[in-house]
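As written, the chain order gives the labels A, B and C, with residue 1 at the start of each chain.
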């Protein structure tokens, strides 16, 4: 077991965090999925959320994204309760989940413009052009998304995040389907996103890929967030060993 | 509480049955067939009443998100559908000798039929979803939409066959009904209400037990 | 709010008419239903006069059902619904946008069906094209208001294809009765005036379900 003394000072975290999850619980009918979870996301930081399959990681992320209504608890975004202003949080988050969420019949550009419009972004055409350029999709902007490979779809997802300019990223297994180059590119994007004040919550099983980016690691176990600690406290090997213990 | 209700029900139903056949005089023009009214009218009233409770508890569920509201809603809808079915069947049996046809698109029977269809849809929706928060939420929406549709359905069905004339059946019937007949009707309504309360408490307890069991087996691992 | 509705509506129209598959299959479906009625019913044109309004609205209900099904199918394909729900748009705007998309789609099909309907069943109908289209618009609003709510409600469920009509059609009885009666009035050249009560009922239906569906759509869209 990792020393509990490594645990961060929970109270200090809460004071200056961008997103605060307080005692959130969720039960789907007869099944308890989350039981009183506390978590705080900081600016300029990435939090890695670990847990075995079915431990409620994705549900927690969906609750933060406002897709699932928690059975109990509150979420504060920049100090305000989000049940009162759900749109304020939703305009600040960017999501990558299992599905891309693009319309196959529309072109990549049209998709980006559509989501940009819903995100109330100004200067949209310019932003779309830049995002496509940065993600290397410039020559594909006018092609329908249904012709895209899954790797290109992922890149387009990153382009959407660039257009939406969120303050918080919720990433659910973002590395699946990314080749080596794309992975490196994605990590560079996350690095710069963090540097400009962004906050990231990531679920992944590829700890090696993202370990260098992590600042905090949180572990969901038995429906509860048992531990969260700083990543500088121990090596990647130690974490992976711990993770294997957990999922065994 | 329920036991008292159950014990009370036995003499109530027996007494009500006896009174229907031996105490109350048969209605002059329709003869003995008219006695089916003492089942038909109370079932209609109970059906409407249970859909009304289902509506209230569905609103309550969406507002407060307490499982109890959902249990009440699904129990009342099931009982309401049964009474609605009884009302339709007895109504058409009654219609056969009086209007010489089983089905005459009488506005009130037609409304009951459409209500029956709506809430059978509600039960099907519950069947096609698994016990959980989604099931409760979606079926609450259907119950609310269905109940709010009732006045429109009734109005349109009345206009549909009666060529714009407002339904005068209700007002004329009041004068037609004799005093003992009216008393008998109220007694049977009261008996049916007792039966409804008994069934509802049984159904709610059954639902609670089923859910407790489902919770138990789901959290075993 | 208004700009969000417009964005979603424009996207839906673009999707519908980009590949035209949806549009043509829906149009052909409606045409085939009308033809089947023509084959199945007696050739006597006198009978047609009394049957025609019913035929018109049954065709409307069946083809409208399919377009409702399609509407949320488009969103489900790549999980776009989730992307839509995490965007800072309100659920109400999503509802009104999808509903407007359905309304436009159904209205275009109706506009094309009226001439065919007139040709097959009642030749004078084409001279009431404007009135029939206006009536179609009023009915379509009520239909899509409740239809969009219910197709959103059933998208995630098993057997949704059968569940949607089972839930939807009984609720639509007032709309169907009113539309048929008003169509009779129109086809017998009495215009809307003869059936003013039904018009009021229809508009009441529209308003009521627009409000109820708008308010309850939030609950349907939780996952």
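Note that a contact is a pair of C-beta atoms (placed from the backbone, for glycine too) under 8 Å apart; a residue touches a chain by one contact, two chains touch by 3 or more.
Treat the numbers as computed from the prediction; the structure is a model and nothing was measured.
Asks: Please classify the inter-chain touch graph. Allowed labels: line, ring, star, complete, other.
Replies: complete
Asks: Going by the touch criterion at the top, tell me which pair is linked by more C-beta contacts: B-C or A-B.
Replies: More contacting C-beta pairs are found at B-C.
Asks: Taking mean CA positions as centres, which chain lies farthest from chain C?
Replies: The chain farthest from chain C, judged by C-alpha centres, is A.
Asks: Which chain wins if you rank chains by how close their C-alpha centre is to the centre of all protein C-alpha atoms?
Replies: Chain closest to the assembly's C-alpha mean: C.
Asks: Measuring from the mean C-alpha position of chain A to the mean C-alpha position of chain C, what distance in angstrom results?
Replies: The separation of the two C-alpha centroids amounts to 40 Å.
Asks: Could you tell me the distance, in whole angstrom, between the mean C-alpha positions of chain B and chain C?
Replies: 32
Asks: Compute the distance, rounded to whole Å, between the mean C-alpha positions of chain A and chain B.
Replies: Here chain A and chain B have centroids separated by 51 Å.
Asks: Which residues belonging to chain B are in contact with no fewer than two other chains?
Replies: 134
Asks: Which chain C residues reach two or more other chains?
Replies: Each of 222-223 in chain C touches at least two other chains.
Asks: What are the residue numbers in chain A that touch two or more other chains?
Replies: Residues of chain A touching two or more partner chains: there are none.
Asks: Where on chain B does chain C make contact in their complex?
Replies: Touch residues, chain B against chain C: 62, 114, 117-118, 120-122, 124-125, 128-129, 134, 137-138, 140-142, 144-146, 148-149, 152-153, 155-157, 159-160, 164.
Asks: Please give the residue numbers of chain C that touch chain A in the complex, ascending.
Replies: 3-4, 7-8, 11, 14-15, 18-19, 74, 77-80, 82-90, 222-223
Asks: Help me check something: in the complex, which residues belonging to chain A touch chain B?
Replies: Contact set of chain A toward chain B: 27-32, 71.
Asks: So in the complex, the part of chain C that touches chain B is made up of which residues?
Replies: Contacts found on chain C: 146, 149, 153, 156-159, 163, 166-167, 169-171, 173-174, 177-178, 181, 197-198, 201, 204-205, 208-209, 212-213, 216, 219-220, 222-223.
Asks: Which of the residues in chain A come into contact with chain C in the complex?
Replies: 62, 65-69, 87-88, 90-91, 93, 95, 97-106, 110, 114-115, 117-120, 145
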